[in-house]
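Listed below are the structures to be examined.
In the two assemblies presented below, chain A is common to both, partnered first by chain B and then by chain C.
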Partner chain A sequence: MSKTHHAQKATGKGDPQCFAGEAGPPKFKVGDQVRIKDLPDIFYTRCQVYTRGAVGEVAVVTHESPAPEDEAWDNVDRPEWFYIVRFKQSELWPDYPAVYANDTLQTEFSERWLELV
Partner chain B sequence: MAKRDQGEHKAAPMVEEVSDFEILELAVRELAIEKGLFTADDHRHFTEFAHSIGPLPAARLVAKAWLDPQFKKLALEDGVAASKEVGIDWLNPTGFGTPSDYTDLRVLEDTPTVKHVVVCTLCSCYPRPILGHSPEWYRTPNYRRRIVRWPRQVLSEFGLQLPENVEIRVEDSNQKCRFMVMPMRPEGTEGWSEEELAAIVTRDCLIGVAVPHPERKQNAARPVHKAVHPVQHDH
Partner chain C sequence: MSSPTRQQVLRHIELVGQLQPALHQPQHAPFPEAIDHALFRAYMRTSHDVGGEPDVPIQYEEKEEEQWELNTYVTCECLAWRGLWNAEERRRRQNVDLGQTQYLGLPYYGRWLLSAARILVDKQAITLTELITKIDEVKKRYE
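After this line comes the complex of A and B, so read on.
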């Protein structure tokens, strides 16, 4: 599929809306405890190193879209569900001050990066 | 003419540092122009447009939501639909056929116990159709690295210090969602109109590094400084 095709597909619908209905049912739901997998990312990824191995809670099931690791190479045939995951800051940074134990960070992952805890 | 030193002092050449990404952008742009996808004037026109848009529609969205609970519900459920009510169509944000961003806007609602702040650690994702260009600091590695790791320190550098019982929630905008913060309506704004409220929701409040204050307005009158040696216009 060419880039032009992708742009045409998104015209009038928007991106990621143009991929709606292509990923099947989402594997995770809001409230699920998930761990971020430490998958190899040889060429391109949008999964931050600071989240690898951390456990968080699914906060929002956002939309369907090809994963950036695929879309970067124009592979748009296998969209996935995306999830905003909420972490306790202390889960990400071991020396985060205990006095601010409530502080959190949210970021988004495609389904392939998550596993149920 | 006074005699000057010969050859002792030469002006250093002015060097513009061009990054690899700027070279890449130039190359792609020139290719697109050669292929006839757009003209150089189209590109200039778009750049001029992009620099002219600002955060006012987002400020209006927040002010409207403060006043209208139904609209607030819509804004929190569907940011793209709510944007339309303040004149921003994410599917056609420029009005001349140039999509400029992904089209999934999420509005993050601050509460007495949760304060949001937005960053993109991977690059500089920003809800441009409704907020305009991001400020320079938003794109710096300094902000992007440190706000996720030491949010309280960085917010403190912006002059925002929050008590321990407030959860600071950093939103790292790394995929196709775009985020703007809906701050809490400050005290001292009772009875204000939508226009008056929109004026205090500044760009930094919408990114989350500041909170609205009844006396800090966008487009506030510039302070006038009296000249130290004023010119006398009495002749």
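After this line comes the complex of A and C, so read on.
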């Protein structure tokens, strides 16, 4: 049985380290205001629907990896930068109590899902 | 004549009849124009993406893993080391490909186990015929 591309690539290095240096320069930096794109979502994604169209701030530029939409079919040809984005809870949930206005939520996206505001 | 197998089959048919997507309107074999963009998107929603869905609270309970659950976990890891899948493909198969009814209706490691069997068939490590034959053989040991 032949190994998947991914297993060949990650053996002895680990994931996501095996993709380091393959995505080019990151498009966004810490502090950037970004909006989550509402791309078509069929078959597979890890970009939560509740974040679509919301605006947050890049908190961490994390690592390079194939996007889940590609990796889930063992395609590792086009790694992307990943970002942790911080949202105000009130940005995500219309009924969020005003008394907790400082609450935030952080979650992770591959670069294709983000656009500068 | 009513054999135990027929009784099981009929009970199965009755039960699967109760497994329905919770869209409470007539929906069998719709004409294309009955599916607008909103409805199409609802159908296509990946079943693991439950964040924000209105739901009732679930009681949190401590539960130790059972032996078969640990065995299942190790089996899935071995399939990754042997290169059959990576973690993301495993998640797609366990959490999304099986559809909302199975995602919500089966235990966590039950879904792991099913996806392990499925990928062995999909990637032609075994045939479905071999799998069915083996399950039938093992089942008979307990009859």
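Just a few scattered comments:
By definition in this document, the second predicted complex is superposed on the first by the 112 of 117 C-alpha atoms of A that agree within 3 Å, B and C clash if a C-alpha of one lies under 4 Å from a C-alpha of the other, contacts with A are read in each partner's own complex, and residues count from 1 in each chain.
To be clear about the criterion, a contact is a pair of C-beta atoms (placed from the backbone, for glycine too) under 8 Å apart; a residue touches a chain by one contact, two chains touch by 3 or more.
Since the structure is predicted, the reported quantities are computational estimates derived from the model, not experimental observations.
For the composite obtained by superposing both complexes on chain A, the positions of chain B and chain C are in clash.
In the superposed model, A:73 lies in contact with chain C only, and not with chain B.
Residue contacts after overlaying the shared chain place A:6 against chain C, while chain B stays out of touching range.
When the shared chain is aligned, chain C comes close enough to touch A:41, but chain B does not. When the two structures are aligned on the shared chain, A:14 is found in touch with chain B, with no touch to chain C. Shared-chain residue A:102: touches chain B; no touch with chain C.
Set side by side, chain B and chain C differ in how many residues of chain A they touch, and the one touching more is B. Shared-chain residue A:33: touches no atom of chain B or chain C. Note: residues 7, 10, 15, 48, 50, 68, 92-93 of chain A belong to the chain B contact set and to the chain C contact set alike, using the contact criterion stated above.
Per the touch definition, chain A reaches chain C in the complex via residues 1-4, 6-8, 10, 15, 41-45, 48-50, 66, 68, 71-74, 92-93. Across the interface of their complex, chain A is touched by residues 80, 90-91, 99, 102-104, 106, 113, 121-122, 148-149, 151-152, 164-177 of chain B. Of all residues in chain A, only 7, 10-17, 46-48, 50, 60, 62-63, 65, 68, 82, 84, 86, 89, 92-93, 99-100, 102-110 touch chain B in the complex they form. Chain contact summary for the complex, chain C toward chain A: residues 41, 44-46, 49, 51-52, 80-89, 91-92, 96, 123, 125.
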